[in-house]
Each structure stands twice: as structure tokens, then as C-alpha cells.
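Chain nomenclature is as follows: A, B, C and D, assigned in order of appearance, with residue numbering initiated at 1 for each chain independently.
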Amino acid sequence: MSLIVENVTKRFGGNTALADVSFEVEAGALTALIGPNGAGKTTMFNCIAGLHRPTEGKVSLDGRDITGLAPAKILDAGIARTFQLVRSFRELTVLETVMVAGHWRSGQSFWNSILASPGTRRSDERLEEEARGTLHALGLESLADKRVHELPYGQQRLIEIAKALMTGAKTLLLDEPAAGLHPEEALALRGLLAALRERGTTILLVEHNMPFVLSIADHVVVLEFGHKIADGSAAEIAKDQRVIDSYLGKEEDVA
Amino acid sequence: MSTFLQLAVSGVALGSIYGLIALGFLVIYHATGLVNFAQGQLLMVGAMATYLLLMQVGLGYPLTIAGVIVVALLLALLFRYGLHRPMVSRGAPTTNMVVATIAFGLVLTAAAELFIGNTKYGVDPVFPGAPLVVGSVSIQTQSLLIVVVAWALVGAIWFFFTKTLTGVSLRAVGLNRTAAAVSGVRVSRLITIAFVISVTVTVIGGMLVAPLIGAGPEMGLAIAVKGFAAAVIGGMSSVYRGMVAGVAIGLIEMLSSYYISSAYAPVIAYAILFLALVLMPARVRQSGAHA
Amino acid sequence: MNNTRMLRRTMAVGAVALMAGAAFAGCAPASSNTSPGAPADGGEGSSETIRIGYIGPLTGGSASLGVPAQHGFELAVEHINASGALDREIELISVDDEADPTKSAAAAQRMIDEENVIAVLGGPNSGPVLANNPVITGAGIVQLITIAQADGLIDPASPGYDLTFQVTENNTYNVGATIQFFLEADYSTICAVADTTEYGQSGLTAIQTVFAENGLEVSATASHEVNATDLTPQVLTLRDAGCDSIYLYSYGQDAAVFMKTVNQIGWDVDVIGGRALNQAAFLSIAGEAGDGLIFPSVIDLDKPEAQEFIEAYNAEYGEDDDPAHTFSALAYDSIFLLAAALDASGYEGGQALADALSETTLDNAVAGRSGSSLSFTEGDHRAPSDNFQTFWTIENGQFAMYRNDLPSKRP
Amino acid sequence: MSTTTLRTQRELPRTRLHGRRRPGFWVEIAASALVILLPSFVASPYLMRLFQDVAIWSILALSLTLVLGFTGQISLGQAAFYAVGAYTSVILQTALGVPALLAWVVAIVLGMALAYLISVPLLRIHGHFLALGTLALGLIVETLLVQLAPITGGHDGIRIPGVEYLGEWMQLRFPYIVLGTLVAAYWLVRNLTQHSMGRAFFALRDDPAGAAALGIPVARYKTLVFMIGGGLAATAGVLYAHHTQVVTPDSFGFDTSIEVLLIVIIGGMSSRLGAVVGAVVIVFFPEWLVFLEKAENLVFGLVVLAILLFLPGGVVGGVRTFFSGLARRRETHHPEVAS
């Protein structure tokens, strides 16, 4: 029971962004996908989340082929994703934003909304209760009536995670959740992820921040120039010479 | 054959005006992602200002041109600092920006009506005299002037965007505002320059077309819609392609109203715009979606 | 019917026109009358103000017709009030409908409800008139359509027919008069061009009907949007169809562009225009290209009333959008028609006023050829009598009267 | 922000905002009843006519509020659906003798069908380009109304005298029908946008990709909303035709599409009430600004620009901000209230 990526290749025109990548995200574990900029992390993420269709290869969840499913359908399969760039729903409060994430399973449909069936109101009460529960669980209940774009960056990231949780999906894809966080915020995030894992949530983390990943991941997959160069436990990866070279080289470029 | 050539000559002249509108439209779009729905009214202001200065005040063309360009500058600054920049700084969403340009156009029309008049007025051509006749085809000197000026402007703007530092930076701004700002480009000033270029080009279009069809407060919409169509069909990319597309639309309009039906020619033009929008490549659509 | 009272009424109506005429000219040969049978219960001696409404476009694209009409109304009200011919003062209430049917209908309700008008004058666009007519006539108020020419505005099948009157000659009248030029010249191929506005399209329909009735064929037609940017295809379509004469039924600005294109391609063709060539925009844009064009008008310069009106109008309003005075003259006469009928109905509105109007004749109208009149009858709510139309042309870029001797017939 | 463990659901606070009927609900019910009964206590026919104008504009504006305000689809061609509703209803009744109520239903369904068909290609374009596409659509319909004269009557339009087609009884009560329809349209839009569906609309408007990732069927909702918008606009058209008793092309042109847009901007783009407030302003504005005479259009345009600049939420948004500002000030004055 896990998310399996098998021999995925993705080409854009003549460029090969991913070449024959395979790995497995074990159920209930926290797997991290890392690599320097341009390694193909985001492409891989999008191939799983349904934004790109792999040129070749297969993605499956619990034995079910989910390759190339539309983003909205991926959620049906049980996968929720977060975005790196948070775009706020301007009109909605934090509570309402989180409630939106439960919309797809709320049972409210276009037509029974128009008819104002009594179920609509009850379903809304349930959604609110659950959203408050989710915010409470993440310690964000005090932000319920604020707007997302008014919040500091770190809190916006946590709300992305709250949304993903609220969808009810058992598998979460997190796109660089630690990017741009203060060390203090990153620490809190680490605690949260650990707590989620304890609850049995499967997590695939795409991350650039190596120390952050090594401190938390059960399993790490390393990409470079579209190829998988390493795959193992955090401890193994920390010692892998190729990974160290690749990362150091890249850091110099950036600096 | 002579009919076809005559239609073609008119189509090229008319299409060059559409191309100028597309040009004005694209310059602002590239710099800011804003689609300016007031293009038609800006053209109208150019025509009305020409009428006022040339026919009412009696300045003669050299001074009128100078005067109209001053009007264009003032208008561009008003548009940029009175409306665009305040709205951007308040974080107005796309829909509000679109509506703001529409409302700006309404204000221009109302002002022209109130201060100049609400009928249509004749404007003298730059070179009075008989039309030029080549074989069986005749062309008014003003139409010839339109073609020459329009293409000269396209050339000048192409040169500006590709060969001058300011122009290249301006393109950079359009491609990536944050990156441009980081690399030390003075973004705000460049956007203002884009507004000035756009408004000036459009206003000159109005000045050029006035001697052919007169100047009146409600003259802009039909021309602007076809200008928008030209920009879209040109792929929203280069000013040069917008100009070519403008000429194509001018030709289609002339030929379809002769060979198909003069009554349904407008429907054909609008249908082309509609189809061009629906069928344009996703890349172009996306770039405009959240700009 | 009491004969004495009827006689007094006849005199009173005559006096309205006479004294008003005298007030600004002094020498108008005025004779106006109502036929026997006019209702004769009156509210004489009262000094209340009579309110008349005008709903028309005072801003927007149609204001170049709506504003001259307003000037014509104002001038007439001023003259009548100054003359003291009526027992009461007339007051004109103008509301701008921007040629928008919705606004026009609301304005009509306001006229009736808030302004207590006794009659409403309609503007130049048929759309707004069609929209405000049910409101006005539905409230039992009389409507006088002054400028809008569409035939369908006076429709016996419409519920408001009894209370609706059209002062201007309609399209059929207008085309029926103009067709003489085509009949006389014996053209082989007659063509027509029109814009897609109500003016052009209703004109085109009238042209096709009237020409067929007279055994003439319209060989080719072309149309275009109003405020067109280029009419080359239309001109070439007609040229290549071998037309030797063209009936040009477009608004002034487009008619001008059409003529410029005809000149540009060096095509020698006879062009006869519709009434919109009276518009200032045509003169202004066409320049020399308009010279020699013939088009129908309602102004007869040999008629003293017309001369006096033009003088008075120019003194008051100077050069406005109606240099040919066609539209302001019709408006001016409309008020006189109303005044005469009001006097006849004893300042009673509604059906009484409509009945009085149906029997009102204005012999000394400003509009119309010498000897013609504006008169409504029981069965015909269209005012112009036979031989009403005059024809004008353009000489050296100026309007000039062409002929005032051609017969024209009320349809 | 120092959560390191997930709290359990049992510790939940039990306060709720959503779902429960707020006092606002009863205000809405009362206001609706008041609006429907308006014709019984407004004596002035003029005022009543203006109220009907307001109602028809409001329905048209509600259609745009739904489409533009809630799902971010700019439509500059709303008059096209308005025209389809008006003309279909009138042609069915006058030319084919279809009974009024049936003609109305067919007209509204046709408006929805057209909107549905159009929305399929339009889904491909967004933002500015959608505005251009709908502008083209509106212009096409406007031209066709004139050119298809044998069917539409061209500029002469088609007369539909009320008493003849609705009967005297119904004609007399037509104001109730107009205002009743406004109330129904309001509740339809309200129900659709009140609960989770409305939040989903805002989500897909502000971040389509994000909304899709949350399982919201973005394209389907956009299409459905566009279709309901078309139906509402057609409904307004049906009412307009009987209110004016004639249809002519001038009522359904580009100017009308722009006017609706201005109503929505003035009232507040994403506010149901805004559509009504905007319509009141548009209809009564000429009354209030009569002293400006010919400068009215200019002043009006400047007012709209000022609203866009300083009150992006429109009049309704502005009023809300004002009151929430007041409330906040009160909180700071009495710190013990804010726990």
C-alpha cells in the first residue's frame, strides 16, 4: 500500500526533464524528494499531482494506476498537494479557506445548493466544525477570522498544510514547505510533519533544504539532471558522496 | 482585377490603422500585462484634438501635430499616474483593471462630447489635392500617409525595443518584473515610458484617420475592436506581427464586404476575433491570464 | 354644436398663429382653422401654465438631431408666449433620454406623473419613441412625433394609435417625392446604399417598396455600419453592378465618406440623397465631394415664414448642428400645431386634445413648400399635406435650395 | 506557533459562525417580502416604473455578479443573453401564438442553452481575453438583431402590447411579477453562493490551479455559472420586453453590456446586494444629477473611476468596511470585550 513511481520519463520538446525515475513512497512514512535546482523535483511533483502527464512510465497509488489523472481527480484517488507559492482566496477568511478544502467531499452540489436543500446547511455546519478542528489541531485557531494574505509567510505555509489535511486525503504532497521560513518556523513545521507521520499520514516532501530534510525524512530520493542518483534512508543519504558533491557544486553556483 | 487592387489598397491603409491600435495595445500589454480597453477612445481624442487645433483654432499642421503630441503626453501621464499606478499599488485584481480602462474610455468620450461637440466633424488632409492614380487604382494621399507613418512607427518601435537599452529593459520588465527590479531596472519609470509610447502611437492613429472619416466622440469602438483582433491574431507577441495582422484584417474586411456581403461584413470581423481568441495557443492565453 | 362658439374657436386658433408670427416678424399671412365638430368645452380665462414635455437625446451620438429639435421647441414656446395668443403660458420640459429606450420610457412616466404634461413631443430615434409611446398613450396623453421618420410609428393596429401623431413626413412620403428624379432621368440601373441604423434600414425598405410601386427596379444595394471607416467595397460593389444612379440613404458622416470615395475612384454617377444629408456632419466631412448632390428638405426659402424662422433661429442659437434647419423647423411647427389644438380643446388634454389635433391645420407652417400645410385628419395622423417636400443641393460646400416646384404626395 | 503535537479533535471549541441562521437571514426574508409588496404601497406610477427598471437591471446585474464577481469571468456580452430572452419570448408570443408563460420558460431555457454552448469555447480563455471574446459575441448578436429583420423586425422592432398578450389581469399585476422575479433571482444567487459552493467559486476565481488541487471541478462550475448567468440575463430580457411592450435592437447593444458592468462595479463586484444597489444608483442617478445637465455623463464616469480607485468593493463593500472599522474601533476602546 504505497505510492509507486515506475520508470517515469518526461520530455519537454527536446529536453528530457526526467529520465526513467522510479521510487516508492511507503505508506505512513515521510519520504523526501531532493535535489538541486533544475534536477527535476518540481517536474516529478507535477507528474504525480496531475499537472503534467509523464511521457513514459507509470504512477500508481495502492495498486491503482493514476498516471495523468487531472488534478481534481488525483484527490479522488487520495492525494492532496500543497503549493509553494501561496495564492490567497482574497474574499475568504482562514477558516473559510480551510473549509473550501472540504468542499469536494461535502456532498453539496450545484443544483441542490440552488434549491437550498436542508442538507446544504447541515453539511456546512459539519465543514465548519471539521475546519475548526483542523485549525485547532495545528494550533492556528486564533487565525480563523483573518485573511490568508494578511498573515506572515510561515503561517501561510501552515494553512496550505491545513487545507491539504482538510481534504481528507491520506497521502500529502508538499511542495517545498520550508522554503523561506525562519529557523524558528522551520522548527515548528518539523514538529508538525512529525506529528502527522505519527498519525499515519503518508507524506512526499519536495524540498531544497538539505538539513531540514535529513532531520525529518524516513526515506530520501535524490534527483540530479532528471536522473535518480540516490535512494535510501536519511542516514545513508547524508553519507552519500555523490549527493554531497552535487549539492556543494550547486550551492557554489547559487552563491 | 482593378476592383481587387482598389480593395487591396484600401485594405492596407485601413489595416495600418488597425495595426497602430494593436501596436499601442501591445506596448502597454507587454510592459504591464494590462489590456487597455480605452484604445478606441484614445484614438478618438487624437482625432478630436486634431479637429480642434487644426480646424477650430486654425494652427496649421506643424503646430497641430506638436499640440496633439502634447495632448498625448498629458493623457499618458494622467492614465499612468492618475489611474494605473494607484490601482496597481492597491493590488487591484485583473477584472478591476479592465473595468478601469473601460471607465477611463467613457470619461474621455463624455469629455470630448461636452467640450467639443457630439456630431462628427471634417478635418483637412495633410496634403490637399487630387488622389494619386496608378493605372486603374486611385489612392488618397492621406491613405498613403497612413501606411507610411504606421510602418515607420512600427519600425521605430521595433528598433527601440531591440536596439536601445531602455527598450530592452522594458521588455525585461514585461517578462519578469521582480527580476527586472532586482537587476536594478527602474521599473516604474519604464512602465511610464510604455504608457507614453502607447498613447502617443494611438493618438497619432486618430490624427491620421480623421481627414478620411472625420472626428467624432463615438468613432473609436469599431476601430478598436479590430485593433484588438489584430493584436490577438498577431499572437500578442511582436508589434511587427500585430501590424501584419492588422493589415490582414483590413484586407479581409474590404474583400469580404465586397465579395461576400456588405451587410454581414461586421459579423465576419467579430467572428474572426472570437475564433482567434478561442483558438490562440495556450502559451499566449496563459501569459495574459494573470498578468 | 354651437356655431358661435365654434367660430370663436376658429378665430382664436388663427390668432395664435397670427400673433405669434407677428411677434417675431410682423407680417405673417396667417390663417389657421379647425374644421367643424371640434369639441368646444373650454377652460377660458384661466392663467394656469400649460406644460409640454419633450423626450429626446440631448447627449450622445443622436444629440446632433435632438438638440436642434429642442431649440426649435424652445423658440416656438418663446414666440407663442410673447405673442399672448394663448390664454395661458406654455412651458417646455425637456428630458434627456440619451436615445436609450429604457430611459425614454421612464422619462415618459415622469412626464405624466411628476411633470403633469398635457402632451409629449418625441425625438428623432424610433427605438425610444416605440418604447415611450405605450407609456404615454397608455396614460391617455397625446404624443407628437416630430423628427423620427419611420412609417411604422403611426400604426392603426397599435393600441396608442388614437393619441399618436407624426409631424414630419415619413419615409414613404420622402422617398415617394424623391423618386421623381429617378423617374425623370430614366436611369437604366438604379442602386441604393444605406447604413444599418434605423434611419438607413427603414429608408431602404421604403425605397424598395416605393420603387416597385412605380415600376422601377433597385438593381443593387449595399449597406454598412454607422461611423464606417472605409466604404470602398460598397462603392465598388455598386460601380461594378453598373449603376448609373445611386440613392444614398446613410447618416451624414457616412454619406460624406461614400461621396469622397466615389470622387476618389473618379466614378461619374448621379447620386441623390436621403434627408440625413441635411446634417452638419455631411457638409463638414464631405467638403467639395458633396457638391451637386440633391436631397429632400422641408425648407422653402421662397416662403416668408421659413425666412423669418431661420433669421430668428440663427439670432438665438447661431450655428448649431442644424445648418439646414430641417429638424428645428419641424420642431418649431410641432409646438404651433399643439398650441392650435390646445386652444381648440380648451386646454383639455387626452382624447379631447387628440380630437382637436385631428382637425388642426397649420397653413403657415415654417416647414413645407409654399402652399402646403401641416394638417391632421380623423383618419390620418401624419401631418404633411401634398406638395410639402422641397429639394436642396450643395453648392461650393454650402447648402442651397435646389427646387421648390416638384409635386409630392401624401401616401 | 509552537505546535509539535497534533491536538485531538475532542478539545474542539464549540463556537460556530457558519451554517447557523444568522439574524441576517430574517432581514433578508423581511426585505424580500417588502420588495414583492412594493406595488401595493407605492402610489406614484413613475416611481413604480423606476422600481421596475431597477428590478430588471438588478436581475441583469445579478447575472454578471455571479459570472464576474464570483467566478471571475469578465463578460462584456451580457446583453446578448438579455436579447435572446427578450426576443425569443416576444417572437414566440407574437409570431407563433405561444402562451406567455410557456414562451417565457422557453426564452429562459434558450438563454441558458446559448450561454452553455458559448461557454465551452470560452473556457479556454481567461481574464482580458475573455472580455474581448464576450465583447465580440455581444457585437455579433447586436448586428444580427438588425440584419435578421424578417425575424426580429429590424429597427422597427416588435410590439407586444401588454393587455393583448398578458391579459388585463396579469398586465395590471405585472409589477408584482417583476419584483417577485427579482426576489427569486436574488435568492437563487444567494443560495448558490451562500454556502460551500460560494466559497468554492471564490477559490476557483482567485486561484484556479489551487482550487482544482482541492478537488473543485473548476471548468464544470464555470460553465454552470455562466449558464445560470445566461438564464438570469434572459429572464431580465423577458421582463424587459413586457415592461416596455416593445423590443428594438437599441436596448441590447454594447452600451447595455457596459451599463450592467458599471452597475456591478458601483454596487460591489462580489456582492449580491451590490447588484441591486448599483441598479438603484444607475436608475436614480440621472434624477439626482439633473442639475449637471450635459456634464452628467462626464461626472458619472469620474464617479465610477473614483469607486474603482477608492472603493474597490463598490458601495456595499465600502459600507461594510466602514462598519467593520467602527466595530474594530469599539473593540480597541473596550479591550475587555476582546478576549
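Assume a residue touches a chain if its C-beta (ideal position, glycine included) is under 8 Å from a C-beta of that chain, and two chains touch if they have at least 3 such contacts.
Note that the coordinates shown come from a computational prediction; the quantities given were computed from them, not determined experimentally.
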Please identify each chain that touches chain A as well as chain D.
none
So the centre of each chain is just the mean of its C-alpha atoms; given that, what is the distance between chain C and chain D in Å?
40
Whole-Å distance, chain A centre to chain C centre, using C-alpha means?
75
CA centre of chain A versus CA centre of chain B: separation in Å?
46
At which residue positions does chain D touch at least two other chains?
143, 147, 294, 297
Return the residues of chain B touching two or more other chains; collapse runs of consecutive numbers into ranges.
93, 113, 263, 266
In chain C, what residues contact two or more other chains?
59-60, 196, 225
Every touching pair of chains is listed here as A-D, B-C, B-D, C-D
Considering only the defined contacts, which chain A positions touch chain D in the complex?
49, 51, 70-72, 74-76, 80-81, 83, 87-92, 95-97, 99-106, 108, 110, 113-116, 120-125, 127-129, 132-133, 136-139, 141, 154-155, 158, 163, 167, 184-185, 188, 191-192, 194-196, 198-199
Interface residues, chain B side, partner chain C - complex:
3, 6-7, 10, 13-14, 17, 113, 117-122, 131, 133, 138-140, 209, 212-214, 216-219, 222-223, 253-255, 257-258, 262-263, 265-266
Parts of chain C lying in touch with chain B, wherever the complex brings them together
59-61, 63-64, 196, 222-225, 227-230, 232-234, 236-237, 240, 252-253, 256-257, 260, 264-266, 279-281, 283-287, 321
Given the complex with chain B, which residues does chain D contribute to the contact?
68, 72, 74, 121-122, 124-129, 131-133, 135-137, 139-140, 143-144, 147, 254, 258, 261-262, 265, 269, 294-295, 297-298, 300-302, 304-305, 308-309, 312
Can you list the chain D residues touching chain A in their complex?
1-9, 11-13, 16-21, 187-188, 191-192, 194-197, 199-200, 202-203, 205-207, 209-218, 221, 224, 228, 270
